[in-house]
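Two complexes follow with chain A in common, the first pairing it with chain B and the second with chain C.
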Partner chain A sequence: MPYKRTEQKFNGKINVCEIGAGDAAISIGGEKTLPFLGDEGFKTAVGIAISDAPEDWADCFKTIYGDDLKNPAAFAKAAVEKSGADFILVKLASADPNGADNSVENCVATAVAVEAAVKVPVVIEGCKNAEKDAKLLEAVAKALENKNVVLFSAVEDNYKTIGAAGAMAYGQKVSAESAVDINLAKQLNILLTQLGVKSQDIVMDVGSAAAGYGFEYVASTMDRIRLAGLGQNDESLQMPIITDVSSDSWSVKESVFTEAEAPEWGSLEARGIGMEVTTAAACVVGGSNAIIVRHPESAKTIKSMIAGLIG
Partner chain B sequence: MSKFMVIGERIHCISPAIRQAFADRNPDPILLRAKEQLTAGADYLDLNIGPAERDGEDLMQWGVKLLQENFDNVPLALDTANMKAIEAGIKVYNRAKGKPIVNSADAGDRIGYLDLAAANDAMCIALCSKEGVPADNDERIMYCSELLERGMEHGMEPTDMLFDPLFIVIKGMQDKLMDVLEAIQMITDMGLLTTGGLSNVSNGAPKHIRPLLDSATIAMAMQCGFSSAIVNPCDRRLMETVVACDIIKNNILYADSVLEF
Partner chain C sequence: MAVKGLDIFKLTPKSNCKECGFPTCMAFSMKAATGAVPIEKCPHISDESKELLSEATAPPMKTIKVGSGDAERVLGGETVLFRHEKTLVSKNLFAIELSDAMSDAEVAAACDKLKKVNYDRIGEMMFVEIVGVRFAADQAKFVALVKKVTECGKIPMIITTDAEAAKAAVAVAGAGAIIMGATKDNAAAMVEVAKAADAVLGVSADSIDALHDLVESIEKLGYKKLVLNVGETSIKEAYANAVDIRTAAIKGSDRTFGYPSVVFTNKLAPGDINMQIALASAFVLRYGSIIVMEEMDFNAALPLFGLRQNIFTDPQKPMRVEPKIYEFNKPTGKDPVLVTVDFALTYFVVAGEIERSKVPAYLAIPDAGGYSVLTSWAAGKFGSTVIANFVKENNIADLTTSRKLILPGKVAVLQGDLAELLPEWEIVVGPTEAMQIPKFLRDLQA
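On to the complex of A and B.
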């Protein structure tokens, strides 16, 4: 019998989401098949992470960035230049009420300075305290009106404020964070849509884990979400996925133990990059449309992997 | 597994309002019924123009264009005894959201509808009957096999045929209903897709009883593999049952607000 090539046909399509404004704008999503099986929508965007409180970052970043680490605008500019990233993520970690508890005004000023310093789209993360993030990301959305930034991220406890302020009042994109819970991922998209946020203005932060630390669950979550969006044409799951692997990758023993603590493991910087690249690569082939890393070398490596896969 | 496919039955020339709208080429009543059904969750709309012996071709083309232009190329089932009208409808049909469905062929006089579907790369509803309701499942499966062979001889994919076991009415043939469910299981076990006019089950029952009988039947049929049905999507109880069964069958992903999207 002659060989008959059968292709799985999907009737759904992932939304295209544009982030950034003017010449800086990029778009993510738009694919009609599982990752890298088709022609469209697989130019995964690679982002570089910075923080307004990088004190606990590994020493190698002090070598890379020097005094720029203390000035978010300079930090942002250097990070984009050194990594060649398509976009930047700024973590407003100092806002944490259980940490430095920096004021909303100060953090907004940081976000505005970062946005002005770079020519790439900006993703703005709060401090992962739902109550503070609601106030903070709402104020950020207002201050950066029409810059089309991504508010990273709305959770069940604050989606109303962030969704209404960000995506509806000030023309931003809103990310919905579901921490590796597929049912919640769908639920948050439904809730945001009911609120009045357009599907095209939503991206999904479905969560991650460092490779080797329960990543199988991340992989199956991404698979299930993509199969629902593409195969079952589930419109509540057709939003592009954005994944930040930087914090997870740099907080496991392989990327935390110093060379003095684990001399047999070699360079901490190389280990951190290794963890980050492994995790990011797995997310990219799992379906992330935008991936965020911390080390400029990780960004370059993932960019070249994506270019190689697209061919 | 794919989620259950709902074909909305409410654009039907048996309704006086729709029949009049067809005659006058008046879009409003048709668009209204289309919108109601799509809002309620219909995947396909059945466009039944009746025998349409006189101006079927023109009427079908008018109906197809009207619905697809107003509802983002909604996929349609073209339903009439006039084969030329179906062909005419397919000529103007936009396939962006799914193939047209020819409604319907059987193993008797209407077997030519299967040839028509094959020739036009359409899907086809295939009634497992020849003359009237099949006496038992031996007959049903025999007709199913005949239709399957005929379709495949003409180059159709088996999954482009939707086999209808013929639901029977409870009031009068209650003792035969479990046979229909068994037939769905048998057809499903052959790797084939099924459909059926579900509302026939509760025909003649009081209005408040019908949704109960229809939704219970669809749940039991879905357990047997039933993959689509021609129904009234405005029956909320029925549609909620379909969603719940799709969740239990893992055809769609659960979320707390799953009924609200």
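On to the complex of A and C.
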């Protein structure tokens, strides 16, 4: 018998979400099939991460960025240039009340400077302290009104502030973060929409882990979320997925042990890229619509893999 | 399973004679349809019907053995597309490729690397299982390389479309070698070579339709120990083919495609090792059975083997270790106590680092539900009471004269509560990542 393709019939569709403004705008999502199997031109956007507190980053980044590491706007510009990334993520890590506890005003100024320095959409992350992030991301949303940035991310403890201020008052996009669990992802999306945030303005951060460190849960969570959105047409799970693998990938021993600590392992930079590229590629085929990495080489590799997959 | 209980029931005499061990023909039929009991158990179904049924009740994807002795592995045998539905049973294998066109020095360097990348990860040895040898020009050298690979304990993959060369190579390759392989132009000759050597035959074609036709014609020649090449010319096609072939087998009951796959990332992205790593990762998730790379250094091995180990675990039973007190580096009753959770991954990472530190120590592991540190903490299974009770119930204070109890840095918040619950202990907050444990323990000792 001649070969006949077994169609996986889906009636759902992932939302299209536009991020960035004017010439810088890009859109993510819109697929009607599992990643890279349809003809709708599904494409994962690749983002590059920078931080306002990169002191603990591996030495190779000092070589790549030099003094730009100390100046977020210059850092942002260099990162986009060197990586060719489609968008940028700026981590306002200095805001951490248990760390440098930088003020909201200072951090907002950093976000504004970064946005002005690049011609790509901007995703802005706080310091992962729910209370501080609520204040910080609200202020960022206000300062960058009309720039259509992504506030990364709202969690159960602060979604009201970030959702109301960010998405509704100042027209930004909001990322809904949950901990590697389809039900939690669904619940937060529902809470945000009940608050009045349009589902087109929501993207999901469904969690991640470095390859080898519990990634099976990430893989299965993404599979289940995509199958629910496409197969069961579950509207509360049809938001595009955004995944930041940069921090996890560069904090496991495979990508932290120096060449002195693990001489047989070879170049630390190569190991970090290997870990980041492995983790990112796995998320990309799992369904991430926007993937964020730290090393410019990782960004280039994932971009060209995506180009290859689209053909 | 494609066959329904009712289809089987129609073939029984409906006499309820119970010889199969089931009370009724219907009960037997329902069980047989799930594959839980073989059709043969009913002596009253005709042989003809049995043959028809055993085809139809055969698993959707064949299980193919490759290699022999210690190197033997199985591929295929999957029944689902996604690991949350049911466990994926056969982890993918990794391969690198050599060729008779390489200089002796290049081959030696590649072999050295193969020997080095061989290490324990969570109780499982990690290494490249398969070595491909591609035939370029020098048949004697080619055969010698295949022999060398086999003697090194690797599963040889003989890569040539020349049936004569394949025949010479497979003669030195031992049982379970892979011949890569058959095309529409050499199928008959290759099948003969593979059959004679009982080797696994790789099948390649220009398109997925042509591949299907070729597999059918090879099956007609009487050979069913096959692996299917998903294509080497374009990433888009290789990926779509890998997914479509597996989907046809699992969801479409297309037995012709019920075979494991081979992916040559070294052909899809020649010379670009980072791209090969990215592709290998994608194919670990999406249906690559044998994944070939140019080389496998630690920068590729560490993340890829880790990813594979994750993906091919059983989703129904999280990997746990027994809650108890573990000893490291021969403690002598005066050494500190570290605390962690009973999640196997966490245990192995932490245990490895305590060993590396060479500092004698105890590791106390309460029942934390088998979750990671933060997960179990967030789930309320690894709080100060749980830890304090464990320390008291196990009389840890009698085990060691040290009063240092070291917490994982990620749950530093427990320090205050624990200090109240365990007043005789000094609650020390350890580092957040296990890799910092050796330095931490040595500093503590000093």
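Here is the rule we use: the second predicted complex is superposed on the first by the 305 of 311 C-alpha atoms of A that agree within 3 Å, B and C clash if a C-alpha of one lies under 4 Å from a C-alpha of the other, contacts with A are read in each partner's own complex, and residues count from 1 in each chain.
Keep this in mind: a residue touches a chain if its C-beta (ideal position, glycine included) is under 8 Å from a C-beta of that chain, and two chains touch if they have at least 3 such contacts.
What you see is a predicted model, and the numbers here were worked out from it, not measured in a lab.
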{"item": "Which of chain B and chain C A:Ser304 touches, first, second, both or neither", "value": "second"}
{"item": "Contacts of A:Glu235 with chain B and chain C, given as first, second, both or neither", "value": "first"}
{"item": "Touching partner for A:Gly66 - first (chain B), second (chain C), both, neither", "value": "neither"}
{"item": "Chain B versus chain C as contact partner of A:Arg5, first or second or both or neither", "value": "second"}
{"item": "If touched residues of chain A are counted for chain B and for chain C, the larger one", "value": "C"}
{"item": "Touched partner set for A:Arg224, first chain B, second chain C, both or neither", "value": "both"}
{"item": "Which of chain B and chain C A:Gln187 touches, first, second, both or neither", "value": "first"}
{"item": "Residues of chain A that lie at the interface with chain B and also at the interface with chain C", "value": "224"}
{"item": "In the complex with chain A, residue positions of chain B that touch it", "value": "2-3, 98, 251-258, 260-261"}
{"item": "Touching residues on chain C, where the partner in the complex is chain A", "value": "82-84, 116, 121, 208-209, 211-213, 216, 234-237, 239-240, 243-244, 247-248, 251-252, 254, 256-257, 268-269, 272, 274-275, 277-282, 284-286, 297-300, 302-307, 309-311, 313, 315, 345, 349, 372, 375, 378, 433-435"}
{"item": "Chain C contact footprint on chain A (complex, rising order)", "value": "1-6, 8, 34, 36-37, 179, 210-216, 219-220, 223-224, 227, 251-254, 256-257, 264-267, 270-271, 273-275, 277-282, 284-286, 297-298, 301-302, 304-305, 308-311"}
{"item": "Residues of chain A touching chain B in the complex", "value": "11, 182-184, 186-187, 190-191, 193-194, 224-225, 228, 231-232, 234-237"}
